[in-house]
Amino acid sequence: MSTRGFSLAALPVARVPGVAIVLVVLCAGFGVTSPGFATPANIANILTQSTILLLLALPMTVIIMTEGLDLSIGAVLTFASIVLAVTVIATGSPTLAFLAALGVGLCFGLGNGVLIAVFDIPPFITTLGTLGIAQGLSLLVTDGQSVVGIPRSIEQIYSGTAAGIPFPIIIAALAYFITHALLYHTRFGTYVFALGGNREALRVAGISVRGMLIRVYVFGGLMAGFAALLMTARLNSAHPTAGIGMEFDAIAAVAVGGTSFERGNGWLLGTLLGVIAVGVLRNGLNLLAVPSSVQVACIGALVIVALFIDGMRAER
Amino acid sequence: DDETIAVFTKNQTNPYFQAVRVGTETAAKALGVKVIQYVPTKPDSIPEQLSQVEDVIVKKPNAIVFIPVDYKALVPAVEKINAAGIPVTNITDRSAGGNFVAFVGADDYSIGLSVARRLLKAIGGKGNVIILEGVKGSLTSTNRVRGFNDAMKENPDVKLLASQPANFQRLNALQVMENLMQSFPSIDGVLAANDPMAVGAIEALEGANRKALVIGINGSKEAVELIKSGKLLASGDFNGFIQGCIGTEIAVRNLHKQPTPKEVMLKPIVIDKTNFTPYEMPVEQRACPTLEQIVSN
Amino acid sequence: MNTAARTAVRSRFTLSRDVMQAFYRLLGVVLLCAILATLSDVFLTTNNILNVLRQSALLFLMASGLTLVILTAGLDLSIGANVALSACLAASVIKITGSPLLGMATGIGCGAVIGLANGILVTALRIPSFIATYGMMWMLTGVTYYYMAGETIHGFPPEFRQLGSGYLLGVPMPVYVMVLFLLIGGLFAQRTVWGQQIYAIGANPVTARLSGVPVERRLVLVYAVSGAMAGLASLIILARINSAQGDIGEDLTLPAIAAVLVGGTSLFGGSGTVAGTLIGALILTLVLNAMNLLQINSSWQPLVTGVIVLLAVWIDTRARRIGE
Amino acid sequence: MTVVPLFELRGISKEFPGVKALDDVSFEIRAGEVHMLVGENGAGKSTLMKILCGAYRADRGSFFNNGEPVTIHDSTAARKFGIAVIFQDFTLVPYLDIAQNIFLGREFSSRLPGFIDRRRIHAEAKRVLDMIGFDIDPRMPVHGLGVAQQQMVEIAKALSQDARILVMDEPTAALSDRETELLFAMIARLKKNGVAIIYISHRLSEVFALGDRITVLRDGSNIASLLPAETTPDQLVTLMVGRPVDTTYTRPSRPTPGAVVLDVKNLSGPSGFSDINLTVRAGEIVGLSGLVGSGRTEVARAIFGADRVTAGEIRLFGEPIGGSTEISALRGMALIPENRKTQGLALARSVGDNIVLAGLRKLFPSGFFFPGRAMKAARAIIEKLRIATPTLRRPVATLSGGNQQKVVVGKWLNADARFYIFDEPTRGIDVGAKAEIFRLLDGLVHNGAAILMISSEQIEIVHICDRAYVMRSGRIVGELAHHELTEANIVRLGIHQ
């Protein structure tokens, strides 16, 4: 893939983004203060932990670029994970279960897209509503209980390795490259920029704005279904609260990564760095045994500092 | 040298887990070890506790004292700890899988049963009762409510008006109770699956100028004050402090290759007007009982 | 051209769009009540109506300040965490000094200072409000957890508790507070220069600035007001549940946002009313009340709330289109 | 002679809520002609073109392609008939590059399904840009471009479609003379190739210089179709407005300038201007001229307090000010910005709300707002400026361009401004409205106000202003007193020798 391809359209600002600075500072700081931090095992650990969030943050970047938002993505992940678990237990077929999870993601993505594009309900409200629906369905299906008894084959997807690299990292890398290609090298991606930047332009170009919007949210739903597979494998069970609040983590990672909330301007690599920055911060603070309440405050500070750096640079 | 013990609790907001943490720290001081607390930044977050376990394994503490956020969902975490060869003691919620040095806990079911019996006896074995459940599907809530219901079965003249969840939360309990009081003009007793919900119910009753007996579970400081002032009938003692103490002591004994029991179940104690005095002392000032004292009891 | 003459005649007969929308939404509430009344006979009792009003007061107070923020096309995700910290600090002050007044000043003051900080992040540091207040939410939560260390502060003087559980002429105190702030909020938004400027900022901040509106200062004001209202709401909670705990506000942010949106305020700024927000808060409270009265399995609660939010906003957009 | 028109619209009607934008309009285009479409602001020109290109759907009416009845229900269908449009409001995507914008919706596919062939897109874009003589790297993202450059991209986008029928909605509104000349040369070339061009303009000079035929719209109906050779400008204006209008603006005698109102000394700013010195006195109109991109807007914004300055001093009525639009407005300064849609108006709000916005503090010194009084004040402005709107409550977005511009001016009348900066006040405004705006400027100075006027049309500066400054590359390169104020002098100073 040509670097020229993304250097111009992709970088919101042509200087070092805040997230990169933050990430370097964090890594240097933890590397010095915590002996266990800079070990290969721990780095693999951080990356593996970040995979599920990345799977949600990637489509979130695309959705935010269209001046949209998907608050339902964490709840959809949860519900898909439950459906996956229930299906695999009932049928014994992991493939069928995975398809069922993707199906759940597809349905919710389609629902979101149709409500937003056809019924003209703003994305924030639409997905706030579908968040409730997905969460309610999760509770109703499970009655609040964990779903356990999943065959080991599923767990392998999270704990297995290929050539020494954990499966989740391979899956996440794949998802990243697919999203990158979609965003910067396909019609879909071009129209995503237009959806956020100037919808009128799309309309007069004869492209269906509705169709595009629906596709964008379907992409989000499918990725949530995909993430459900990793989540289920990670927990070796499904739980109705597992994904609660992950949508906000994903949004924060996207914002920390420098994607703008206003102008149809996104930076996928920034999202990746944002996700890793959050992972590094949590891991490092745990290794330093920082009290949990301080950790909570640090996460807030990370978000604000990264955006502050970006804002300062933009002013120059 | 300094042995370190990593302690995992569910959240930073429920006083019960604070009591557990104080228990582990008190015991650690007495035994000359160091404890490090790990609490999910988002209350009761399963993925986060799992991540914290993974991070802690990197640090290799000498031992772990573990309360799983969810007794089933955290089994993979326990397996990872086992694989890393770190001895782990399970307290409060019994994990559905994995190998533990020991389990220290109290039986939610029998605490629910005995404290409910206390209330049903106080209303004379007849009347109308409401149950306030905790978070749906949590082991704690399920077992406590099962205890409540079995106590109800022993009193066929008592009528269960409603059994509604209030998520272990005060404000939820207050509003659920306010709403239920609209439907039920006569309520004699409220069985709440933890103390904050009991307090919420009391506030709702007081606000409407109505009288009913209320019980809660956990034996929190606040509950003890309310028992003293006669607003709360009783609270089941789940005794997080002692669970923290004993869990830590077992972990340390195991490290020192001393024999440990496989399981310690604390007896259900109902705190009421007759026996609240020892519970008035703040947990920070209490001393840990030794394992022998508890086991011989 | 005689268009000017036509203007004079027509504008007198055209009902304001906002009024029409509030009317539609009120119709929705009435309809909802009618349905609920047929399902449960206690629903329409005076007691239950007062009960619903009292419960909606809390949501409304948080949502009313938030309405102003959303009118400027911003968002305040920190109000729940703000409520928690304000409540805990106010509770401490009441406990230590024994003075409810000092405690109330602390609660509202703490809320306002937090709001001010949000305003500064959004204006001076130019961080999008969604992210700035999200970061603020985490920081506040951290401070609250640290301060409370898992403990509870319990038991306040009865005269303070009157604010939450007292009655005046048979009507609960929070209802008076709610009506008071409905009037203040409505007057502020509709009948002050500042209110007009806030609407203009929401519609187009560039234009507002180039028309001599001090956009930054109005934004800071709006966030501070939202924070102060969260502080006030924290006092009502304290007075109602008679105790403070670190997780007191966690679940209140999204419902407050939902109340504003169900109340017809646009997330894109520039349109909406405080009265609409009251109706939004009423709708959401009614649904929960009905589910308790009908003893519906609480697992249904998020699902039903989600559907109601979608329905309300959908009907709203339909009505708006027909209205034009 | 019956020529079958290339394309014909018959009996088109279109109603927006409350406005009959088009009423039974017919219109035909022949191959190789430049067909001027003129009319007052709000006459329905843009609406008619949007119907032609499928962006709006007509309520009634039919289309004929080479005499065959056809339907156009979306822009794809319009494109099939070779209709391309250069829109009045840009349809560019800021964070895509120039090439991607030019080929938006018509991307070249690579071998992988769904993937695009970037290299080919860039190559083709380069070809089109070269064709119109626009020397720029097609990989530049559009968000960094100036207005004129965006307009050129918009033109390239339309031309790249190899259109048979090319609609240009006020294409020169944002162009400098050099670019305008390039465009006109382009039009001549296209004409020769048999392309039909529909050209909407408010500039009568263009209408007569370019047009082969003229169609006049008034209040949504077509009034006349005429040939330029058989018409005089006055007749045309009378047709457009519906009554005889004096468009030959005669400069009234002005009072002798009074005290210095604005005094700017050595002003420099980070947005690319430096060492600006200028004064404006009460009762005079001072022009600020120069080429597009010479930094006039930046100076105006800095004076008004909207942008930061790094050095220098601004005094208004002898008092130093700067850095705050609020204080500027309170002290009696007004800015009519160059882009009314993004800077002058809150589009979603009503006409009334917009008109009172700047004057809120003056109208309601107590801080309390009374809708009745606000409405009265707004109505007075609407009558004074003759703003065409059915009600005060109509969203200002639904007004035509000229009427929107009047609203932007109107909002400062309530604020009692004594010093006005007009940045391109006549951009996109019809002749009638233009004359009205000029009379408005005169009225203001007669009452003792001072005006600084920016315009890219030198003729306007010459006609209206008492004296003028000329800018080049962020500096003032000269001041022309009234007797030196000629187009030739402005151009001489403004263009690098």
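Worth a mention:
The first chain written gets the first letter, and so on, giving A, B, C and D; residue counts start at 1 in each chain.
The criterion applied here is as follows: contacts are C-beta pairs under 8 Å (C-beta built on N, C-alpha and C of every residue); 3 or more make two chains touch, one makes a residue touch a chain.
In this text the structure is predicted, and so the values were computed from the model without any measurement.
Per-pair tallies of C-beta contacts place A-C first. Taking the mean of the C-alpha atoms as each chain's centre, chain A and chain D sit 43 Å apart. Mean C-alpha positions place chain B and chain D at a centre distance of 72 Å. Chain B and chain C, compared by their mean Cα positions, are separated by 35 Å. We define each chain's centre as the mean of its Cα atoms; on that basis chain A and chain C are separated by 30 Å.
Within chain A, the positions touching two or more other chains are listed as 139, 143-144, 291-293, 295-296, 299. Taken residue by residue, chain C touches two or more other chains at 145, 149, 299, whereas all remaining positions touch fewer. Shared interface positions of chain D, defined as residues touching 2 or more other chains, are absent. Inter-chain contacts occur between A-B, A-C, A-D, B-C, C-D.
Chain A contributes residues 36, 39, 41-42, 45, 49, 52, 139, 142-146, 148, 155, 231, 234-237, 239-246, 282-283, 286-287, 289, 291-293, 295-296, 299 to its touches with chain B in the complex. Against chain D, the residues of chain A that register as touching in their complex are 2, 4-5, 8-9, 181, 185-188, 190, 193-194, 196-198, 200-207, 263-266. Per the touch definition, chain C reaches chain B in the complex via residues 40, 42, 45, 47-48, 51, 54-55, 145, 148-152, 154-155, 164-165, 237, 240-243, 245-248, 250-251, 288-289, 292-293, 295, 298-299.
Residues 53-55, 74-76, 79, 85, 87, 89-97, 100-101, 104-107, 114-116, 118, 139-141, 143 of chain D touch chain A in their complex. Considering their complex, residues 77, 121, 125-128, 130-132, 134-146, 149, 254, 257-258, 261, 266-268, 297, 299-307, 309-310, 313-314, 317 of chain C touch chain A.
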